[in-house]
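What follows is a group of structures, each given as structure tokens.
You will see subunit A twice below: alongside subunit B first, and alongside subunit C after that.
Let's turn to the complex of A and B:
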């Protein structure tokens, strides 16, 4: 449906927020036969969804302190292995005890895991060193748990794809400016289309607020109040994959105690700081955060000390004050679903928040149940059973050695699962590599532009990993910008887009700009400014960061 | 074997200095890691292109206004003009024929179709002397099918902004198509290697003659001439219209060719080029460097009267940074750099970056300093020098060439 048609339609449900939770809710609602619109102010997965470890928790981390979250995690963990296997890498994880930690804690930890239904096997330090050579060799204890690595960008897109396959409409770069309220009922959203500045109103019978930390503002638009506690976490990406398993510290959760292997890289994090709600859009990583992450990360895997840091980033988790605590100080750790009719007397409005990327599907199920109750829909939830597009039973496997795949095809299967079959690869141009670090071909870029709502290079990166490898887009971004320019028939935009993309890459490199990362930055400047003169045709003065 | 001068770094400045010394009979050894930023050069040298964002048209005049810590100021502005002609001659002697003058900048055309001020440009590359007098009106921009290192759309857009009437012509030949079977083979250098055969060139010429018949000038991406300009000349003879090359994204063919031409010339003059080795340390005594040690020769220190540091900036590892400091990795020489990591960079990618101006500290004779004291027989040249921003000033290749030749003169005249 063209966008102007979408504006005219009245939907059963309008979902605000294009993170994992919003996307999962759109899918669930669509599978239950509702007409769905999802709106997102930037690109999909720009908020907390795209700004975490990419860790598929076993729940072990929460076992000691929060049994309920731990149980939710392990249940969702097992579900995602089935329904989203093209987004998941089954790495398993270790919880290690270092000489400075209390080995007594290990026993408490294992018992708590067992209570929550999480397999937790104590293994010897020798065995730990054997199965994960990168681990700190000084460890005195280790427990093996079913942690895994998950690609949240791919997961979100797979949910959106399935929602669309079932009739949902999705609009990125559409920000909610207000709600349409009639007496005590929310009847729609007032939007600005950020690509052209147009203001529109779209009507819906139920509005779901899945806007993460930004959901506090949406609740205010409805005339109600919610207290959120933004918890900021910073992370570092290392230039290659040091570890094959997730490595955690076996102690009470603290700063920088999880190291996750993600595709070709690995990620250490996080710090954890409460920040004022006004600062949630400032994602700059500070020097202090970098120092803490490095200092602690090296304790998990000493080789990180000599591994290049390619990028730093931060995200904000939406923690919510418990409604039953009038002081507003007590925080609800788990999933929070608010029916504002019961809570505030506002009909047609639901907020789904709290929780974790990991439990997005359960959150979506809970929110969709609430929507269905309002609309009198009795269809059962099937999202835990039905595989996401790309993860069907007969999906090709990246590791299938009986098939002869090129590097690019193999990488694409890893990213898109069975949907990789839709990527054109019959002629040599479509097979040509654009991004050599991540194996992205011309065909995959065309597929992303035509099927995955790609407007710019940053979108393209999130869909394909283009520019996410060690060179951080040094050579591929120009090739890709040029291709996008051809596909969109707009060269000037392609140049601006290229500058935006390089700037976005730079923002993540700057906090860790030393060693080889500084070298890459200088080389990128030499190519795009020195050789090409991009800086003299693009004016970035006063420009907002691209998201 | 007696060595007069050892040069650390085999890029543009190291080679230029080595050639100037070898020409005058010195025995010179260059220790070269094998990576040179010249490989990212599209075929132009720049003396001075911009000051504070203002385009410079007369570089010689502008050089006299530079601050005292700029390498040109240290050489002495009175020497610049003669050093510039010497550099142009040296390049020509090495077989690199370039056009341009130090008194007036011309414009080179970048792979994105931007006109940037330049001092010298390869004769076969397109060049604009004055923006209101284009060398041709109707140009055929030849686009090789499946070659992504020329952003055709942006290039055509840029050329049109400059006033050219651009016809984009996509073409390929059977043998170029065959190259594409391997997904990563469509790079400028692999095409250039392929186009070293006359038959392959003739097939390209046939396409150009067929498809670009209406143009006043034919522009071809710079995918010719890995070794010399003969393939360009051969193709020009086959093509009925004036032909010019246009720089591609890196690694660029023109840069590789300039690098290998300089190296061959240096070796022809009797220079000793230790390829794939790096200097890792040295024996300093008082204000004198006695020997240096290389990674490969290990326990065999190399002795010389004079030493030249031409190891480049961060890109070439002539400067390094860890999360605590910026340093010079071989001798831990004094550097001009901010101590606080947060000062090294600026927020926006297009902003002038402080680290671009970092380099080793030198006295007015380009002698390196350690603990504030000059080392009498150790000079620094090229991008390892502090006090200039090659990206924003467009002076990188000029500083490399001119500091190299100035130091060579000083060494020959017996340590100023």
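Let's turn to the complex of A and C:
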């Protein structure tokens, strides 16, 4: 449907927020036969969804302190292995005890895991060193749990694709400026189309607020109040994998005690700091955070001390104060679903928040149940049974490639699962690599632009991993910008986009700009500023969306 | 940075130091002629990240790498690109059995020993058209190739019969790692080397036990055997250097690179304590001349126009200047130094049917340069370059040591070094 027609339609449900929860809710609602519109102010998975570890918790981390979250995690963990196979890598995880930790805790930990239904096998330090050679060799105890690695960008897009397959409409770069309120009923959203500045209103019977930490503002727009407690976490990305299993510390959760192998890299995190709500859009990583992450990280895997850090980033967890404790002392890490009709007397408005990326599907199910209750829809939820697009049983195998050198084709199968079959690969041009670090071909970029809502290079990065490798866009960004310029028939926009993309890449490199990462960045600057003279053709004023 | 973390990035073969500048790919002879091969950056450091994630990302086209090491020569960040590719091949083919063809091509020692026994028959048979066609169709050894002729008598045998007894009387001593080619195919190069060294007062000694350096074994996936032979050679060289205090000289650039750098890098056989004592004869002799320790006198009537071709492994060693400068010392030689280009054979690579065309396409730049140089012969330090250039240009190719020995006025040289009065 053309965007202007979307504006005119009245929907059963409008979902605010294009993170995993919003995308999952859109899918669930669409599968239950509702007419759905999802709106997102930036790109999909720009917020906390795309700013975490990419860890598919087994729930073990919460077993001791929060049995309920732990049970939710393990149940969703098993579900995602089935429905989102192409987003998940079944790595398993270790909880290691170091000499300075209390080995007694291991017993408590294992018992708690068992109570929550999480398999937790105590293994010997020798076996731990054998199955995960990167682990700190000084460990005195280890427990193996079904942790895994998951790609949140892929997961979100797969949910959106399925939602659209079932009739949902999705609009990114549409920010909610206000709600349409008639007496005590929310009847729609006031939007600004950020690509052209147009103001529009779209009507819906139920509005779901899935805007994460930014949901507090949406609730305010409805005239109610919710107390959110933003907890900021910083993480570091290393240039390649040092570990093949998730490595955690077997102790009470603390700073930088999880190392996750994510696709071609590994990620250490996180720090955890309460921040004022006014600062949630400031994602700069500080020197202190980098220091803590490295210092704690090498206790998990000593080789991190000499492994190249390519990037730092931070995200904000949307923690919510319990309604019965307005002081905010009692904070829930669990899922919070608020029916504002019951809570505040505002009809047609639901907020789904709290929770974790890992439990997005359950959150979506809970929110959709609430929507359906309002609309009198009795269709059962099938999101736990039906595989996401790309994760069907007949996914092509890695050897199912057409070219002699098939690195790009195989990398694409890893990223898109069975949908990789839709990527053009019948000629040398489509097979040519654009991003050499991550193996992204011309064909994959065309597919992303045509099928996966790509407006700019940052979108393209989230859909394909373009520019996420060691060189952070040095070789691929000009090639990709040129392709986008061709596909959109707009050279000027492509040039501006290129400059924004390089700025965005530098932003993440800056906190870790030493050694080889600094050399890398300097070569990039020499190429784009020196050789290509990019600064002389691009106007850098008034750029807002560099996230 | 806290606690001295992140002072440097340490990773196998320096692969993290790659800044993706891509200069390596611009000098890769295979990438230049074949769109199937992605070039050293992609096959090396880029691919390595994916292989670290899952070895299933290993790609078979890595077999197309010549291991010429031109990528390593130009890398401004010191990344051991070719070693990364070799390592990937090694771990991907671990446990696989090499084909009969590859085993035969790789086992220079075994084949040489057998062929020496029946050299005239073997040479005749290997040169026959029917034999070539059978090898081409059954073993996939390209029919255009001719195996280097086998000598009737091994170099080692000749040395023991005709040279060994007089060596101890010399004032100085060196050891000689002759390599398979000298031993089985071309003892003349070894004889030339002995003649040259003896003329300046250096006695030549064989190692206690020498086996093929193993470069062909590594290239053809016979890693266990390569490691065994490397250990034997490392022990013999260790004794020559540390017990007998002799420098170990060679006349083949590839054997030299293998002994010095590939043993530790690929086979985990440590030769670091003797590495500096293993060198090509031309470098050793150049240094002696340069330091004024020896004098060379050349024949007055020796007149030739020769082109020097820098073998890829010679360039990796960085020693081509020694050979070039040695040749320039010969007054009668008009020396044309060719731009460094790969000849395309890379040991046994070019013998394989599937590589023949690529091999010749790669070499064509060099062959053109040689044709334009209008010379009567080509000098190079690598025997497989020699086969390739001889086959492809029809010109004779000689090792600089042979040219030096031919041009040398032995009597005058001995006098100039006070060996006879």
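Keep in mind that, in the parts below, the second predicted complex is superposed on the first by the 533 of 547 C-alpha atoms of A that agree within 3 Å, B and C clash if a C-alpha of one lies under 4 Å from a C-alpha of the other, contacts with A are read in each partner's own complex, and residues count from 1 in each chain.
The rule is short, and it goes like this: contacts are C-beta pairs under 8 Å (C-beta built on N, C-alpha and C of every residue); 3 or more make two chains touch, one makes a residue touch a chain.
Note that the structure is predicted; figures quoted are calculated from it, not measured.
Would you check which partner chain A:436 touches, where first means subunit B only, second means subunit C only, and both and neither mean what they say?
In the superposition, A:436 touches subunit B and subunit C alike.
Where does A:531 make contact in the superposed view: on subunit B (first), on subunit C (second), on both, or on neither?
In the superposition, A:531 touches subunit B alone.
Which of the two partners, first being subunit B and second being subunit C, lies in contact with A:180: first, second, both, or neither?
After superposition on chain A, A:180 lies in contact with neither partner.
With the two structures laid over each other on chain A, which partner does A:294 touch: subunit B (first), subunit C (second), both, or neither?
Touch status of A:294: both partners.
Per the contact definition in the header, classify A:263: touching subunit B only (first), subunit C only (second), both, or neither.
Only subunit C; A:263 stays clear of subunit B.
Applying the document's definition of touch, where does A:277 land relative to subunit B and subunit C: first, second, both, or neither?
A:277 contacts neither subunit B nor subunit C.
Tell me which of subunit B and subunit C touches more residues of subunit A.
Per-residue touch count on subunit A favours B.
Based on the superposed arrangement, let me know which partner A:491 touches: subunit B (first), subunit C (second), both, or neither?
first
A:428 in the overlay: touching subunit B, subunit C, both, or neither? Say first, second, both or neither.
Both: A:428 reaches subunit B and subunit C.
Where does A:192 make contact in the superposed view: on subunit B (first), on subunit C (second), on both, or on neither?
neither
Name the residues of subunit A shared by its contacts with subunit B and its contacts with subunit C.
After superposing on chain A, subunit A residues 291, 294, 406-407, 428, 433, 436, 475, 514-515, 519, 523 contact both subunit B and subunit C.
Which stretch or stretches of subunit C touch subunit A in the complex?
1-3, 5-11, 16-22, 35-38, 41-42, 45-50, 52-53, 56-57, 59-61, 77
Touching subunit C in the complex: which residues of subunit A?
Where subunit A meets subunit C, its residues are 239-241, 261, 263-264, 291, 294-295, 298, 305-309, 398, 404-407, 410-411, 428, 433, 436-437, 439, 469-471, 474-475, 514-516, 519-520, 523.
Residues of subunit A touching subunit B in their complex?
287, 290-291, 294, 406-408, 428-429, 431-434, 436, 441-442, 475, 478-479, 481-483, 485-486, 491-492, 494-495, 499, 502-503, 505-507, 510, 512-515, 518-519, 521-523, 525-527, 529-538, 540
Where on subunit B is subunit A touching in the complex?
Touch residues, subunit B against subunit A: 37, 40-42, 110-112, 114-116, 145-146, 148-149, 151-154, 156-158, 177, 180-181, 183-184, 186, 247, 249-250, 252, 313-315, 317, 320-323, 341-342, 344-345, 347-350, 353, 355-356, 390-392, 394, 396.
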